[in-house]
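As written, the chain order gives the labels A, B, C and D, with residue 1 at the start of each chain.
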Amino acid sequence: MASATHGDHFGACPVLTVTSLEVRRGGIGLLRDLSFELSPGQTALVTGANGSGKTSLLRVLAGLAVPAAGRIDWHGKTPHRLPPEDRGDIAYLGHRDGLKRELTVDENLRFCRSFWKGRGAVEPLIAELRLEACRHRYVRRLSAGQRRRVALACLRLKPARLWLLDEPLTNLDARGTDVVIEWLGRHAAEGGVAVVSTHRPQRLATAASIEVAL
Amino acid sequence: MLDVVLHILRRDLRLAFRRWSELATPLIFFVIIASLFPLAATPDEAQLRSIGAAVIWMSALLSSLLALDGLFRADSEDGSMEQLILAPAPLGLVVLAKIVAHWAVSGVPLLVLAPLVAMSFYLPLAALPELIAALALATPTLSVLAAVGAALTVSLRAGGTIIGLLILPLTGPVLIFGTRATELAALGESVAGPLYLLASLAVLAVSLGPLIAAAAVRTALE
Amino acid sequence: MNEILGMGGHGPYVWSAYGVTLVVMVYNAWAAYRHQANALARLQQAGAEQETRAKPTVRQIG
Amino acid sequence: MNAVPIRRRLWRAFHRLGSPPYVYRLAGRLSPWLGVTSCVLLAVGAFWGLVLAPPDYLQGDSFRIIYIHVPSAYLSMGGYVLMAVAAAIGYIWRMKLAHGLAVCVAPLGAWFTALALVTGGIWGKPTWGTYWEWGDARLMFELLLLFLYIGYMVLRMSFDDREKADRVSALLAVVGVVNVPIIHYSVEWWTTLHQGPTLIREGGPSITMDMLIPLLIMLAGFSLFFGWLLCKRLQGEILRRESRTRWVRTLAAEAGA
């Protein structure tokens, strides 16, 4: 599905530009002088050893944290100063799934969809991720892989054009990984932008346009 | 804007009732503290009546502090707090909704329990409506203060232990006006003064508190 | 002289109050100086380690 | 059109206050002056208050404790407000130096609050017969203020990342400073209810002029002393926070040589 000219047919004007970004965490400089830009339809793959700042970079891009120096520009705005109505545009999936353990899969998905004013129906997602069996089970009873898939379903429910995925493939089996790759392709095809950090770059290389090695 | 509050409210209330044991602990804590006082003091009626107001209000204060200790910690541990911070809704409103949900399950039951405990402290029946009114005005302030404490310590391992140290000095005014209202009620005098003061504290807390708590959560989880 | 010391019978209270104040002030002055001296001392032996973090590289794959 | 330079000069002055080396040198230059004048003022004030000023007709000489109790009470409250303002500036404009100032004010403020409590307690003995008079609104307020200081310092110490410690404790300082007037008046309101011994109201029986002058001198002496210690602590804090910068390493080298 990946094609070399993936990003071009959306017009090359970049929507996400990162210029000379510096990220510090806990007083330690993690990341220095990082610049890249992504146009609609492009996906960046963030690779690097543990502690190289992959997670911190994604949290800064999401607006959860503030960079020590440099600028991030998403459609002319800075993520950590986005007004609430624009925040639906960025979807962040961290190491933790962001699901309430005492709610069932269904309840979690419905809450995510209504709270994020999302689009798309819940039913096809549940079918696609083969979650029908555990749909009414409490999230705390699911396996890590199933929880990851529910978190990915939440991601799809959000109307976000920018996906920030922190190692989405953890705990996923082969089938789950294929779904992630397929979704990334579809997201890019729809003109979405994604920044994905991973320890297995070769699995996701097909879906990526640029690689950011920290 | 209101749907944001409703979604969070519905979700948090559903969560609270799913773990009802966590819900009941602060209320039982309230009754236990109140009933330990006679053991510590004397069973004598006159003395208990004189310290009754203080006992009720101290127990209410400590139980509401305990009830909101884990308000943000549960969400920050499973990652849903990050999603709430990034959600397309003002974080202050989200935090207010969470405080209202937790107040409903910890503050409101106090309005039922406190009169029962007050009666056991020989408070005259006529004074109970005023006690309920005073508690109804004071518990929001206590919930907001406890929420600010919970937000400040959300990312700390031993966060729960220092909430008391941070927040109890700030509950002084509520304690003063609350006990005064109950004493005046016991004497049958008009309770308007302290009630107005409690109401003004509640308005200040409910308007500023969620903003500070939201900033604290965002900063602590940065 | 001794009626000044006596302080009209309140001597012990007045002098203990002033004594405590003096002690607290002197301690704080010493603590402030030590606070700065410590910072300087710690700087000298801990030649602050330089962070040499490689510059990230961005390359095309797509 | 000289309005523009003044505004620009003010802005540049404020801006320069943000640069650590400038503030470090400024504190260095100020502290000897503050130190000397505060000691002189304290000596003169103490001598005047203890010896020259007339005893109070009601309480006799125990009244002289006012010359150290009132200044430390003022510093305890002023210190908290200064700490909260510095922390708020640090939080809003992300100025590390403002957080540094807040860190230095906290222990000093706490010490002077404790001092106000102790001197207030000692003063209470000859006048009310007990070291701790619950009915005294001022002592009660100072006690709660001490808890606020301790709460701020404990919260700050429980974070290992300094930047997060700065920002979260800044919010607590803001919450605290909003509550300080509320606590002050509710405690005042509380004491009028319970009719504690009202022999000493704020400032006591009408202070005659020759009692007021030593009090003002002591107030000035205490404040300058506070400023002096603040400069010293701020210098230490700047060195600790800027330990990686070049100007600090050259400074350390010079000091070491």
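Going forward, contacts are C-beta pairs under 8 Å (C-beta built on N, C-alpha and C of every residue); 3 or more make two chains touch, one makes a residue touch a chain.
Quick caveat: nothing in here was measured; it's all calculated off a predicted structure.
By C-beta contact pairs, the most connected chain pair is C-D.
Note on chain placement: the centre of subunit B and the centre of subunit C lie 38 Å apart, centres being C-alpha means.
Each chain gets a centre from the mean of its Cα atoms; for subunit A and subunit D, those two points are 49 Å apart. Subunit C and subunit D have CA centres that are 14 Å apart. Chain contacts: subunit A has residues 66 touching two or more partner chains. Pairs of chains in mutual contact: A-B, A-C, A-D, B-D, C-D.
Subunit B meets subunit A in the complex at residues 3-4, 7-8, 11, 14-15, 18-19, 75, 77-80, 82-83, 85-90, 221-222. Listed in rising order, the residues of subunit D touching subunit A in the complex are 94, 160-163. Considering their complex, residues 51, 53, 55-62 of subunit C touch subunit A. Residues of subunit B touching subunit D in their complex: 148, 152-153, 155-156, 158-159, 162, 165-166, 168-170, 172-173, 176-177, 180, 197, 201, 204, 208, 212, 215-216, 219-220, 222. The residues of subunit A lying in touch with subunit C in their complex are 2-4, 6-7, 28-36, 42-43, 45, 48, 205, 208-214.
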